[in-house]
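The following pair of complexes shares a single chain, chain A, combined with chain B in the former and chain C in the latter.
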Partner chain A sequence: MTAILKYPAVRTIVRALMQILYVARLGLTFEGIGNALLGFLETMGGIVSLLVQVLLFIPRPPYRFRALLEQCVVVGWNSIPLIAVTLGSLGMIVMLELDFQMDRLIHDIRFIPGVAGIMFFREFGAVVVAAMLAAKVGAGFTAEIGGMKTTDQIDALELMGVSPIHYLVVPRFLACVLMQVALSIIGLFCAFIMGHLASIQSFNYKYYLAMMNQFVNWPDFINLILKSLALGWVVPVVACYYGLKCRGGARGVGEATTKAVVTAILILIIIDFTIGVIADKLVTAVLSFA
Partner chain B sequence: MERFSLEVKVGLVVVTAIALVFAFIFILGDWNPFTNTYRVNVTLDYAGGIDPGSNVYLAGAKVGKVEKIVIPDPAEAKDGHVLELVLLIDINARKLIREDSTFAIRMESLLGGKIVEITPGSAEAKVLNDGDSVRGVDPPNLEDLIGEGISILEGLKKFMDNLKPEDRERLANLLVALSRIQPEDVDDLRRAINNAADATEDLKEITAEIKPEVGPMVSDLRSALDEVSPTLAEARRLIRKLDKTLTEVRAMAPEDEDKVRAKVEELLAAADDLSAVADRLDRFTARMEKELDDVDREELERIIREFFQQEGITINVGTIVGDPDYPNPPPRKKGLLLKAAGDRK
Partner chain C sequence: MSPVLKFLDRLWQLPFLLVGYLFTWFGPFLRELGGMVIFFGMVIRSMFRRPFEWGELVIQLYQVGVKSVPIVIIAGLFVGAIVGLQFEYALGLFRANQYLGGIATSGLLREVGPVLVSVMVAGRVGAYITAELGTMKVTEQIDAVRCLGANPIQFLIVPRFIAVTVMIFVLTILGLIIATMGGALAAYILADMGVSKYFAGIRSLDAAWALFNGMAKAVLFGLLLSTISCYKGIMTEGGTEGVGKAVNSCLVTSSLAIFIVDYIIAGLSSLTFQVAESLLEFG
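Moving on, here comes the complex of A and B:
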């Protein structure tokens, strides 16, 4: 082995390889790995503990209905145009793309409304709405609470004996969970209508409905509502967690906002996947129990 | 100034969402206050993959859904059936769904999906009421049919593989010789196949006639006949193709050797297909014979005799005791056995 290394060419190659290996290490030292793992665990633990605290605070008075209504308007009413445009476009895209691809591949476009319906009801309705809310509402929450935190308003609240979680997070949490269900249904309706309008040359209204009817049943609808309930907590809790943890002035607020949106969407997708695996079994079990 | 107060905005969102919930339940068809339905129970031994929620068609038009599939207690099932489909049918279709309607499970399309197909009943039969039970036609087991098809294809492939090159040559020569046969012969062949197809139709009629005598076995036979008709259609198509190819070959100049050879190859393939079809027909005949084994022989003889007598044809089937009594033949209708007889004259 050492005899080979005598040749300069071999030595050059080995050195180059070692340099490549050093670069490819990507800073993965033991310290770096440990830090990343601890950071991940800390974040997850913080999010879960905030969720538990919020759930414990919900039944406690005083009830701030005005704050809840204000947040409902921020989350629900103000997001309707965004959700309508997003889901409506998505409905059209799905129908057009399916129409084109199915016609190209199997020369049969009869089942498209049904397939698209399943996608609308089971996936887009809840998940896309939650992701849009993470981008629109979640970023707003983090920035707002982060701004309060960096200007010591949160500490002031605590000094006055008001829990910032009860005062700030609980109304946002309730508003998000309630409005997410409503927005999912409204968004689904937009996708449904726009999907029909996009494919009106291929399918008339009756056929569109009949096909949808054949593929989509009311368990799918229950799935949509349960899913939006299950995903509704993610955006407010993650956004408020990063907001409350924020430090370091305007730059810190910006970083916290980015992290909040990314983490919220990641958690949404992981939960959606988990629900996708168990949802049907759950619904079947509930139905057989009932 | 804000046009709406906070309360109004939130209220609008919530009310819209609740209204859309009801709209969707209505759209999904599980709750509809404007139609009236009734239930019919169909008893089956094999459901062939039908699901609750599958559509029910009457003469090709959608009239309802399969509400649920019940597995009854064996002691309660009087005719020994295994499954019971509860169909939820539009009340407007009720006047056509009678006691002699057939309830069969069919494929919705080539992509799959099962439906219940109801044929309209005759005017004399009684209309089915809410909650009535009828016997359905069991669907053929598709996997078995496909397995059979695969074994046929495998056999064919083995046969073709085992064929020596000189045999292949000989076969090609034979087919060239075949190409010189006159069009009338081809016509004969076609007629024979057509007659075979018509014979099945007539056989179907016979089965319909012996239905009261031999009971449920006949429904099985009938479904078997339904199965074979695509095979016959295939045979007809092949004959047509063969005929076309032969005409083309005959029209060609002798110097177009390559083209002729190509045509011969085509012909060879067509002949192979034909033999496969014949094979399948053979199989079917064997199966039918097996099924007919259970029928009382004398009964069957009597029925066949009566049928032919009604058609005006004298035929000796089995043992005849005493002088046969021939009724006056009814006015002749178009049918294959008569056509064949007419051709021969």
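Moving on, here comes the complex of A and C:
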């Protein structure tokens, strides 16, 4: 046993493991748990209070239409290639996988376009677009605003009597919510077309459309739009929160970007799950009532 | 020249302009791809050089793996539940509810699990590694390492590369277990379907193939993510803003790569499964 410890590689590993145990022990004390809880509550409170501040600032004049349009170009137009490629390959993947699964498990491939349509409309249209926006736009917002914060440009804005939330966050918020809806529809269109192209050997377009028509209806489209409105606020608010909070030069900006993306995607998933449960329960309740 | 003719002349040029536009985008793309391949080769070559940084490797494994566990657990649980819910709704429309377990589990193992874990880990870890290496690059610490006569790829990048590749594999296993449990839980609580009935719908050959598929995807995604994040980190330029831009482009590139590679593997696997099944039937 002691003979192994003579090798330098083993000694370094043991030393590193002891270091890690020392670090991990801190997380398991009562103080560590309390600190983690406090940090979580502080983050959630900060995000919600930033959202409320933004909503209160929206109706106030000066309206900065030019900034809004610039942000719309940054958020919407520049993201179209990413959304088109991602959702297009997602549509092909869904058709391939459903074809495979339904053939093996149910031995019946008639309903595949319908099930794929439900997946596109109810799930992927809004959520995948929001997650891609978190990676593309949210990280950019945090890096931009964090860079301003570390070079004291935010303090300069406040000195001039301009609220940084009104000047920086409100145009990004509005642009993100509007463009989220538009990009969801564009992405849905791409997934629809590419899904058809991937399954063109099995279904001609008449059958594809007829199946879609049978399974998907106007309520699903309204569901998509409402869901993208409900998810659209997450990315700009979380990204701007971490950008406004970050400190400590280049390293701080990088850490803030990481945290912003992860927090935004987690909040998106949890909100999506809640909406799914509540929407289904509401529909069943209304149907049983009527 | 009349305006109509001028317009027609412009129209004639339009396809060539479009092709030219395509090539302006294509050149940087090819350059980036070539840079990544060369970088990957350099990393693989310096992986077997003599002083191997064991301590750094263990610390990076801790940073990448252990610290991502809560995120993977939360995301896996909720996404498994979402997949279970949506398939329950879709299958309920043509009364195929008893197949819910098989379809949801197979979909989770093959597609949703590996992609979800890779995207989450890209957000958490890829960005962390890009930010750290980028900060080192813009504050000229990497040049300092080189000045000391050490190889920065061997000392800084090889441990991170191995840590990300190994830990995505391990975290995918964890995420798949959690997501399957989340799907069963959602079916039990929200759809009144017993857990044994849920799991009875899984066909054994399909599940084994799906698991193999998901694991192969996890290995490939791990190699992709580690290459992209280390490459983007070490190519950072331009101060504080450059670090933010590098993180952003790391995230965009890795999510694009994940989706495209996922499609390619899905196409290949459905072909190979038919071959495997026919071999099993006749052999």
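Here, the second predicted complex is superposed on the first by the 252 of 290 C-alpha atoms of A that agree within 3 Å, B and C clash if a C-alpha of one lies under 4 Å from a C-alpha of the other, contacts with A are read in each partner's own complex, and residues count from 1 in each chain.
By our rule, a residue touches a chain if its C-beta (ideal position, glycine included) is under 8 Å from a C-beta of that chain, and two chains touch if they have at least 3 such contacts.
None of the values given here were measured: they were computed from a predicted structure.
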{"item": "Partners on chain A (chain B, chain C) - clash or fit", "value": "fit"}
{"item": "Which superposed partner A:F40 touches (first chain B, second chain C, both, neither)", "value": "neither"}
{"item": "First (chain B), second (chain C), both or neither touched by A:Y207", "value": "neither"}
{"item": "Which of chain B and chain C A:I186 touches, first, second, both or neither", "value": "first"}
{"item": "Contacts of A:L69 with chain B and chain C, given as first, second, both or neither", "value": "first"}
{"item": "Residue contacts with chain A in the superposition, chain B compared against chain C", "value": "C"}
{"item": "Touching partner for A:F111 - first (chain B), second (chain C), both, neither", "value": "both"}
{"item": "Chain C versus chain B - closest C-alpha approach in the superposed model, Å", "value": "5"}
{"item": "Shared contact residues on chain A - chain B and chain C", "value": "106, 111"}
{"item": "Interface residues, chain A side, partner chain B - complex", "value": "66, 69-70, 72-73, 76-77, 80, 106, 108, 110-111, 178-179, 181-183, 185-186, 188-189, 209-210, 212-214, 216-218, 221"}
{"item": "Chain C contact footprint on chain A (complex, rising order)", "value": "9, 12-13, 15-17, 19-20, 23-24, 82, 85-86, 89-90, 92-93, 96-97, 99-102, 104-106, 111, 114-115, 118-119, 122-123, 131-132, 134-136, 139-140, 142-144, 146-147, 150-151, 215, 249-251, 253-255, 257-258, 261-262, 265-266, 269-270, 272-273, 276-277, 280"}
{"item": "Contact set on chain C toward chain A in their complex", "value": "52, 54-55, 58-59, 62, 66, 71, 74-75, 78-79, 81-82, 85-86, 89-91, 93-94, 96, 99, 102-103, 106-107, 110-111, 119-120, 122-124, 127-128, 130-132, 134-135, 138-139, 190, 201, 203, 206, 239-241, 243-245, 247-248, 251-252, 255-256, 259-260, 262-263, 266-267, 270, 273"}
{"item": "Residue ranges of chain B in contact with chain A within the complex", "value": "6-7, 9-10, 12-14, 16-17, 20-21, 23-25, 27-30, 53, 55, 62, 109, 111"}
